[in-house]
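Mind looking over this structure? Questions follow.
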Amino acid sequence: MNVRSIDKSTWIYLAIALLLFIVPFIVTGRSMQFIIIQIFIFGIFAMSYDLLLGFTGIISFGHVMFFGIGAYSTAVTLDRFDATLPSLLLGVLIALVIAAIVSFIVGVLTLRLKSHFYAMLTLALAGLFLVAAEKWRSVTGGNDGFTFRLPEIIRDSQSQYFLCLISLILIFFGLRRLTNSPFGKVLMSIRENEQRTESLGYKVLHYKVIASVVSGVIASFAGVLYIISLRFVNTSVFATDVTIDVLLMTIIGGVGTLIGPIIGAGLVEFAHHWLSGLSEVHWIFERWIILYGTVYILVVIFFPLGIVGTIQAKFFGRTVTKGIKDNSKTKAG
Amino acid sequence: MKRNSLLKLNQVEAYIQQFHILHDITFEVPKGGVTVLLGRNGAGKTTTLRTIMGLNPASNGSIVFNEQEISSLKPHMIANRGIGYVPEDQGIFGDLTVGENIRVAMKKEDEETTNRLEWVLELFPDLKKFWTKPGGQLSGGQKQMLAIARAYVNENELLLIDEPSKGLAPIIVEKVMESIQQMKEKTTILLVEQNFLMASKIGDQFYIIDDGQTVHDGQMTELKEDKVLMKKYLGIS
Amino acid sequence: ACGDEGASGDSETIKVGVLLSQTGALETYGAQTQRGFELGMEYATDGTMEVAGKKIEYIFEDTETDPTVARQKALSLLEDEEVDILVGSSSSGDTLAVTPLAEEYETVMIVEPAAADSITGSEYNDYVFRTARNSSQDAFAAAAAVAGEGVKIATLAPDYSFGHDGAKAFIAAAEELGAELVLEEYADQAATDFTANIQKIIEAEPDYLYVVWSGANTPWNQIVDMKVQDQGIKVTTGVADIATLPSMSPLVGMEGFTLYYHTLPDNDVNNWLVEEHKKKFDGEVPDLFTAGGMSAAIAAVEAIEKTDGDTSGEALIEVMEGMSFETPKGTMTFREEDHQALQEMYSVTLEESDEFDYPVPVLKRVLTPEETAPPIMNQ
Amino acid sequence: MDAILQTKELTISFGGHIAVDSVSVHIPMKKFTSIIGPNGAGKTTFFNLLSGQLSPTKGSIIYKDKDITKHSATERTRLGIGRSFQITNVFPNLTVLENVRLAVQSQAKVRYNMIAHYRHFKSLEQKAYQLLEKVFLQDKADSKAINLAHGEKRKLEIAMLLALETEILLLDEPTAGMSLEEVPAIIDVIKHIKQHEDRTIVLIEHKMDMIMDLSDEVLVLFHGELLAKGTPEEIVKNEMVQSAYLGGMYDEEEQFT
Amino acid sequence: MDLIFSLLINGLATGMLIFLLAAGLTLIFGLMDVLNFAHGGLFIWGAYSGVWFYQMSNSFLFAIIAAIVTGLLLGLITEKLIVRPVYGNHVQQILITLGFMLVLQELIKVVFGPDQKAVFPPDWLQGSFMVGDIVIIKYRLFIIAIGFLIFFLTLFILKRTRIGLIVRAGVMNKEMIQSLGINIRFVFMLVFMVGAALAALSGLLHAPYSGVIYAEMGLEFSILAFIVVVIGGMGSFTGSLFAAILVGLAQAFMAYYFPALSLAVNMLLMAIVLIFRPQGLFRVKG
């Protein structure tokens, strides 16, 4: 891979981004726009997850906690203050700051644990957030949730579309640079062999915590966008299902690539939309979830490295990693 | 000699992923004695042993063991035909104790096996000492001993040993040599060894592999005399 | 702002969009609503599928019990299908994700069967009407069934919004009637063991234990096994849909309430519903939310008739506020203040039946709409 | 004699088993010290203590007059103690070049830069490539490390260690499993470093001829204790060493590289 | 005193129920290191098929056998079609087993209908009796007994045979274990089937305990099982037993003494255990 080919891919991405700017003038239906907005949002969320899973080699089952923090911070701020831009910005600020603090603490607390234990501890912490949201009913409205008003400028679908698209593009290129930076290379070396990274003179925990904070803040921002698009919040923003969704999107797209999670988000949303739509075509598709599950299975069989990962490996001979260390090898040593 | 060769490879080729690693491996291992594979780093020695074990199946050519074709068999079937394997990276089960590492390898629990076990533990007393220690915590040399011991406890017709002397103290290397010499009365041995001193002492005949091909063969005694050959393939002067 | 065309008064067909759970944990509820709604349309239009001279159509959409999907489906109904009225949905969360859209598109939404108080309470907007009962009405019905001067009551409810809403409302209603609260107990709804909770209840020695429950891990077995009733504590609860009745067989003899069981209401609409339902669905009887779905359809049709085909938000709101209409559950009235339909509830006893291998609710007394009228909570 | 590294009664025990037992040694600056001893004598463990992979139960380590006993592995590398591993320990799914570049990058203190593209640092990549040439691995620069043959991995280890440019190099059996042809070349590399770059080198090896050829001083560990130390010649003659370690093997006439 | 005893015995019963659930996962996840998110699917299939046979035949024993057979068959299918291609790769395991979980859960509704189903213990296990002032529910005693039976049986098998060793060795280094002449694929398949059968059995046993079964219960309970396996120490049967009992008791006592925290009890427990014992309660031993 030389400098030239990188440039080429950047151009391609930019061209796609440009095309996406035109989409809302073609697809004017708000419901379709809403689906695309969801793809952007979950694309952002999934990229943040991939920074952990694909680049640093950490499986977290609790990533939704940052998403939920972003969602609630914004929703509660907008609900408590008037629906103006300043209060939205305040909400976003609160969302990002809390997410940064929480991800820092969670990182320091959990990142010394190994694989499954780490995954389960994050699951537990996210579970505690869910319970907190349920219990702190006076603020969160509990499981029923509450609706709130949005500032005028982002109320209509078009401006939400552009807001999410611009965020996606900026975060994509930002993360792409980050993963291609010397820092990003160290993250990958941690994924490959933590102990060796340490003895090369890198402070592994620092890197992991930084990755966790960056990832947490971005996830929180995805939560902000999500809540803006939904205008309603309830405890489901802390549900494990959401972590599972984002995990699936990341894996389907291909871990360790940044475009993968976005494509994964698109695929999951569209497969979902299309398959659930089938149930109106014929009663046989009433149980479309079976087909939906089958899609996952087929992806693993035909795209073992995820869509993007497998295509890269097949057609560009690029080496894509499995993302997670194969413990069997390291343990045996 | 042809008749009672125990293992016979004929024009074996093998790939690892898309890379053509073995091009033409042809050699015979006669019953009894020690056959040594020599060659520089990356020549394909390890791959040859793995191909015999079925771990990295041959894409072409034949592998005949005891007059039966084994090239299409699964590794465990090959192992059960009576071939033991000491891999290059030792293949210790890191979380299992030394005892468990050996117990998991033992196919039978009869007297014969127990005797062998005792013999092996006498050879490597360290193993006895660390019987309940997880294999992953052993020193490099101790791991090597464990890997060898694990292959010895079963009654095999053929043993494939990949660089046993690597990382062993001279005194232990000597022991290993002794043990191989004792073993070879009952078991045929195919050895990959970089320690030429050791190889030349216990080897009966040798093959040289270079770039995935067998390029030379002969009796060990001849090789020791043939300085030209040694220089050419082994860099020994 | 936008979407004026969605509520246009003079297009040729009138469209109603119905949001419900067709997949996931609440799909049985969704199925009931769907059947009820279809029958209701047929009933209200006398099978013509026409109202005020216009054709009326309806579209069902699956919310999958997921607020995001609910919102997306609602958008597609409002924009792509340009529906004139929304109906739904099976879960309160889904409903709340959609009600702001009703306001935004100035389209009336008839909430059915979501029960959260906040829908017509703190989250109220003018476009929202509800044919479903809310949690407080449940509570009033329950209180009416058991509470009285000096009666000691305890509650057991799942530890989330639904449970808290229900228990709080019940306690308020019961205290109003002179009862005394001795214990308010909440349990993890996903737990399998309720020993600790039941133990506490036994220790509190109430006369009545009111259980608010929904979801599948039922506490009934354990309540009976721990001999709660043997200690002189009477258990009371709402009787839910038919599928849950078998699990309630340990509670035979219990006095409680229900919002619908096909044998309870005595009126023509219900008679029609039961008969048609049996005819259409292979002898099956209508269930809890079938009646609700039908009521929503009747409300929609009657409102449109009253506006003479004008489906704009203002027109509909104007006629619907205070509107009374006949449903399988008797006469319902949309209260002007918060658009909650006041309706009959039923005080029942759970009894064994010869017909079925599960216990059935038998009518003790019809609770009038006024009796169970919940407080107005949208101020 | 200036000691760059010094241990005082360094001890570690693993659940009762004392692997390194009260070892006090001076490692002289810019000299070549070798450590020999039977398998399980505690050589690697001793290295692990020096480089910070393990922390001692007792005793202290002094580097350039500074007590570093409590320092982490990372900090010690940054101070100038680099090591290679006995069991190959590389980044399996990264390319050979990337493996080395990560080490070069650490040495160049380009650690937390998240903004710049890694290719921005051309010199680092070049340096990594040069190091690969030094250990004859340039042909494999673009292979994944996991695909290397055993001997090739060992060379990669050495290249990564060299990249760190630490003042002390701790080499744990660098030539184990390396073919006869390659060993002299690696020895040359090591010699070259010793002579031209003025490094302190500590080597663990079982190949006595190498020890004899390279060392200024030899330390012998036995059951975790320091059994003997001295010049190579003294050590070979030492009877205890003979019986505990060499087992008469080294008396033999025949010697190959 | 009575109260504490009552909480103890009921907590123990819940713990045993959780242990039964986790036992299968201890094999599949703990020992074989497969992140099997379809475990809940095996659990509900065991429950539904067992209950179906129970209602057909009126014999609980017959139902138990049916559940076990269902588990074995499903285990066979799952292992061969779903899990075999993805051993050793957690990322792919998550995706494929989750997909299969959706399929299994939805198929339940196709075969048995979407409604919840009420289930009662067989007559001989119905009801409760008093010891002094304590109420003891018969079915819970039965669960405790079965729990211990399965615990000792499995432990005996693992200790007596080399199976446990072989599986762990196979997970660490598949090639090496094959080179030792062991057909590791077959062993994995067997162990997976047994794990699946345990899951199915626990599904059935769970049914009369909670009184109803429904398709969505699988995922809920499998998370609990994962928690237990991890805090027990990954693959240790004794660990799983202790962890399960700990969870059961914690649930019972928290619900009584700190009801405000009872929603969080599982997660809190796991967080505390992992923060203070990052490797879980028990280290794995053959």
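Per-chain residue numbering starts at 1, and chain names A, B, C, D and E are given in the order in which the chains are listed.
The definition used in the following text is that a contact is a pair of C-beta atoms (placed from the backbone, for glycine too) under 8 Å apart; a residue touches a chain by one contact, two chains touch by 3 or more.
Treat the numbers as computed from the prediction; the structure is a model and nothing was measured.
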Separation of chain D from chain A in steps, with touching chains one step apart: 1
Touching chain C and also chain D, the following chains: A
Pair joined by more contacting C-beta pairs (A-E or A-C): A-E
Approximate Å spacing (C-alpha centroids) for the pair chain C, chain E: 37
Cα-centroid distance, chain B relative to chain D, in whole angstrom: 28
Centre-of-Cα separation between chain E and chain B, whole angstrom: 44
Per-residue multi-chain contacts in chain D, two or more chains: 87
For chain B, residues that touch 2 or more chains besides their own: 89, 91, 93-95
Multi-partner residues of chain A (each touching 2 or more other chains): 134, 289, 322, 329, 331-333
In the complex with chain A, residue positions of chain D that touch it: 51-53, 72-74, 77-78, 82-83, 85, 87, 89-95, 98, 101-103, 105-107, 110-119, 121, 144, 160, 164
Sites on chain A touched by chain C in the complex: 29-32, 34-35, 38, 134, 137, 141-147, 155-156, 226, 230-232, 234-236, 276, 279, 286, 288-289
Contacting residues of chain A [partner chain D, same complex]: 3, 6, 177-178, 180-186, 188-189, 192-193, 195-204, 206, 210, 319, 321-322, 329, 333
Chain A partner contacts - residues on chain E that touch it in the complex: 33, 82, 85-86, 88-92, 94-96, 98-103, 105-107, 109-110, 171-174, 176, 223, 226-227, 230-231, 234, 260, 263-264, 266-268, 270-271, 274-275, 278-280
Interface residues, chain B side, partner chain D - complex: 16, 19, 39-43, 46, 88-89, 126, 133, 137-142, 144-145, 163, 166-175, 194, 196-197, 200, 234-237
